[in-house]
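Below you'll find a set of structures to go through.
In what follows, chain A forms one complex with chain B and a second complex with chain C.
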Partner chain A sequence: MNTVIAGITYRALLGRRRIWMLILLPAVLIGLAILLRSIDSADHRSVVLLMQNFAIGMMLPLLGLIAGTGVIAPEIDDGTITHLLSKPISRPVIVRTKFAVAVSLLALFAAVPTFVAAWLMVGFEADIAVGFAVGALAGGIAYAALFLALGVVTRHAVTIGITYALVWEGLVGNFVPGARRFSIQQWAQSVTDWLSTSERIDVETTLAFSLPALAIVTVVGVVWAGTRLSRFSFTGDE
Partner chain B sequence: MSEPAPTGVIHDIGYRHYDGARHGRGYTIRALMLHSLRGVFGLGRTARSKIIPFVLFGVMMLPAVVSIATMALLQRNMITYSDYAIMMQVLLAIFVASQSPYLVAPDLRFRILPLYLSRPVTPRDYVAAKLGAMSIALAMLIAIPITAVFIGELVIDMPGPPNTSGYVGSMVSAVVYAVLLASLGVTISSFTPRRGLGVASVIGFYLLTSAVSGVLTGVLLSMSRDDEAAWAQLLNPFFLVNSAQTWITGESGAGLTPYPDGLGGPVSALAVLVLIVLSVTAMLARYRKAASA
Partner chain C sequence: MSQATAPSPAGQRPAAAPAVIELRQVSRWYGNVVAVNDVSMTIGPGVTGLLGPNGAGKSTLLHMMAGFLAPSGGTATLNGTQIWRHHDVYRSIGLVPEREGVYGFLTGWQFVLSSARLHKLPNPEDAALKALATVDMEAAKDRKVETYSKGMRQRVKVAAALVHEPQVLLLDEPFNGMDPRQRLHLMDLIRAMGAQGKTILFSSHILEEVERVAQQIEVLVAGRHAASGDFREIRRRMTDRPHLFVIKSSDDRKLAAALIADGSSGAVALTPGGLEVQAIDFRRFTWLLPRVARDHGVRVWQVAPADEDLESVFSYLITRST
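The block that comes next holds the complex of A and B.
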């Protein structure tokens, strides 16, 4: 961990227009929670629908993408990464620092608003709020690692990441149940299912499969990004 | 008295006056539009940038191919023409999101815009060319698979008359989808010079509207407040166009729940127009500012 790099990364992410995306999505989530509460629809069914479709199904992958690729991809894109890489700092340490920044942003902008929205609707009933918040954090960590690695590997990280989240986890997962076993969203929800006592949450994967899967994606993502960055050539591929 | 020898010489280095035809502004706009349209599909760019548009185009064609096969083998048409864009909305959204930043972001990022604007191209021409290119690309993406199915239907000679009115209606709505999605996508991505952030913002807009619409519709349906659910569904831009289309053609809609009757149709059509006008106005304002800066 390197505090200077962490500081620079925070400034790059929070000081630009990216922050509006980071604020807008959680604000809409909390707004929807208040709206649903005001039309007397704050039951378990609604809260689970809101959490699964909006918080875990849409907001988490999108914020994971913005934070995960945003900590490193813009620097690679405009070449300012060379200033960082030419300093005597281990490149895996750079990756680990940027990963930690992405995770902290996801905790603040994804997990906390998820908890607040669920709590506004049902309070602490059946541990739904805590379950979804911890699930969002677990999924957010895995998404951050996966999208960070994508950002180092390819310049089309955002498009590929969104295609994975929408087409694989969304469309293919609806038709082919097997695809749901390899979905970060499902793993995150099995953490929720384990923490919460609500009957409304049903997931395909077991916790015994999901937790190792989340850990593997996270570790492989961070290590892979580190080794790719170690071999990053200043002079391009030719 | 001898005169001093001349010291200066004028060399003829061959500068010529341009005598050819001047094609004017219309030609410039068409040239810029064609260049942008090729770029949307990665033509004239690196091999890598062709992968994403052509893979998405291939996936758009898949249901059409499957449908032609089932018509030939089972004599059954699986696809309603007007539902095609709704069925493929995620892919269309990914296409708009991944390709519209390419149209505008590099010009802003590498400060190419002043070069365009130092020519007879005005900001309005530039906006028209970019929006036109994206609209044509999207219209092709929607219209080609539907046309393939229609040709298949004619060639296979299905029992009963061909669904010509459905086909014509879906062609018109393909243009409306294309113009609406292009205006929204290109306008949103013109506000950032960064491609990655542009992609994320455009897909974020689609996901936000479709998720809010999905959650509200689901909750309201479960409370048996069907009228409000029908209105909530229109928050998704694809269902908005589909609602206007069903109002005009009288076909059944492709949404989760029927669209609102009565005022629903005219309001949807008006909302589509307002969205297009608003985004084009915002984009024009953005480029006037960029031109004067």
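The block that comes next holds the complex of A and C.
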């Protein structure tokens, strides 16, 4: 972890228009929670539906994509990564620092708003708020690693990331039950299910499968990104 | 403007031994395209200019020396240590890339200070101030980089590259975008650093630019190492090459007959655009032409070089080296 790299990365992400993309979806989530609560529709079923479909199903992968690719891909595209790569710092350290920044942003803009939204609707009932917040954090960590690796490996990280999150997890997962086993969303929800006592939460994968899967995606993503950055050629070809 | 002075050791780092970059049979290709072809050269202390036309492979070669590109064949070393995938070499190397590579949202001060901190210098603030002073950017240091002119960005990149007082400085087309005053200042700085025994390599496609700064010139053409030597040697080889002139006169035919009789002209052709003469011995030809014209009563209207562009000069050098 390098604090100088972290500082530059935070400023690059939060000082530009990207911050509005990070704020918009959590604001919508909290707005919907307030709306449901104000019309007395904040029962367990509504809360779980909102959290599963919006917080974990849409907001988390999109924020993961913005934060995961945003910490490194724009620097590679515009050449500013040269400033970091021409220093006596190991490239895996650069990747781990960027990963830590992405995770912290996802904790702030995904896990915390998820907790706040659920808490606004049902308080601490059935540990739904805590369950979804921890699930969002676990999923966010895996998304950050996956999309960070994509950001290093390819210039088409956003396209591939959106295809994975929306087409594979969102569309294919709805029609092909087996596809759900390979979905970060499903793994995140199994963490939620483990922590919450609500019977409204249905998950496709067991915790015994999901936790190792989350760990493997995270570790492989970060290590792969570090290795690829070590072999990174400035012209983009290798 | 402040006088350019090379940064001197001031408690940042002890004086290091002279640094030598060595390329041995280095090649780099992208698919079927060969960008650099079997280049061997040694870059030692002093200022070396890497000269070549656009697209000659200068940036590719410089990136391999900077460890930003893996050679497809051969080796690039700094003091015997492989450069590629060896990030510790950046303790000794400062790099000024041609591409912008500057965070626009940082101020000049923050950018150079971040460089000092990334190098883990014992006193990063002092080092950053000194580097900014070296490139005459103290007055604008608190402005965001995105408000800088291209020349100012170039100078702040140089400051960031100098902040750790590297033994090797690699600059890719460093004078691009600079106004004449900034250009002279950077030239003075590079010369001063070279005189201190640092190893400095800069690329350029402008011969005059290289001639004014570098003692040693390496010429790269179409990815090949076309020539090597001090600027006098390179200039001599460029001057001594066959020159092609187009001459317009009152009697082209008579002038052609007179010129071909002398050994300084290799080929003479009468064309609708005038008389095309290939001069083998440039100095004798320029001495001879007005005399021959006078002696034969021919009035010369125009003498124009037909191949004075750099591409022609470089092409000649590459054909000589093969």
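What we mean here is this: the second predicted complex is superposed on the first by the 235 of 238 C-alpha atoms of A that agree within 3 Å, B and C clash if a C-alpha of one lies under 4 Å from a C-alpha of the other, contacts with A are read in each partner's own complex, and residues count from 1 in each chain.
Just so it is clear, a contact is a pair of C-beta atoms (placed from the backbone, for glycine too) under 8 Å apart; a residue touches a chain by one contact, two chains touch by 3 or more.
These numbers come from a predicted model, not from an experiment.
> Have a look at chain B and chain C on chain A after the superposition and call it: clash or fit.
They fit: once the shared chain is superposed, the two partners occupy separate space.
> Looking at the overlay, does A:Arg45 come into contact with chain B only (first), chain C only (second), both, or neither?
first
> Taking the superposition as given, does A:Val4 touch the first partner, chain B, the second, chain C, both, or neither?
second
> Name the chain, either chain B or chain C, that contacts more residues of chain A.
When the residues of chain A touched by each partner are counted, B comes out ahead.
> For A:Ala157, using the defined touch cut-off, is the partner it touches chain B, chain C, both, or neither? Pick first, second, both or neither.
Only chain B is touched by A:Ala157; chain C is not.
> What is the contact status of A:Ile30 with respect to chain B (first) and chain C (second): first, second, both, or neither?
neither
> Determine, under the contact definition given at the top, whether A:Val223 touches first (chain B), second (chain C), both, or neither.
After superposing on A, A:Val223 lies clear of both chain B and chain C.
> Please indicate which partner A:Leu166 is in contact with in the superposed arrangement: first for chain B, second for chain C, both, or neither.
The answer is first: A:Leu166 touches chain B but not chain C.
> Can you give the closest approach of chain B to chain C, taken over C-alpha atoms and in whole Å, for the superposition?
Value for chain B versus chain C, nearest C-alpha atoms: 8 Å.
> For chain A, give the residues common to its interface with chain B and its interface with chain C.
none
> In the complex formed with chain B, which residues of chain A make contact?
Spelled out, the residues of chain A in touch with chain B are 17-18, 21, 24-25, 28, 32, 35-36, 39, 41, 45-46, 49-50, 53-54, 57-59, 62, 65-66, 69-70, 73-74, 77, 156-159, 162-163, 166-167, 170-171.
> Show me the residue ranges of chain C that touch chain A in the complex, using the header's touch definition.
On the chain C side, the touching residues are 30, 60, 63, 66, 68-70, 85, 87-91, 93-95, 97, 99-103, 105-106, 111, 114-115, 117-120, 160-161.
> In their shared complex, at which residues does chain B touch chain A?
Against chain A, chain B makes touches at 48, 52, 90-91, 93-94, 97-98, 191-192, 194-197, 199-201, 203-204, 207-208, 211-212, 214-216, 218-220, 222-223.
> For the complex, give me every residue of chain A touching chain C.
The touching residues are 2, 4-5, 7-8, 11-12, 15-16, 78-80, 82-91, 230-231, 233-235, 237-238.
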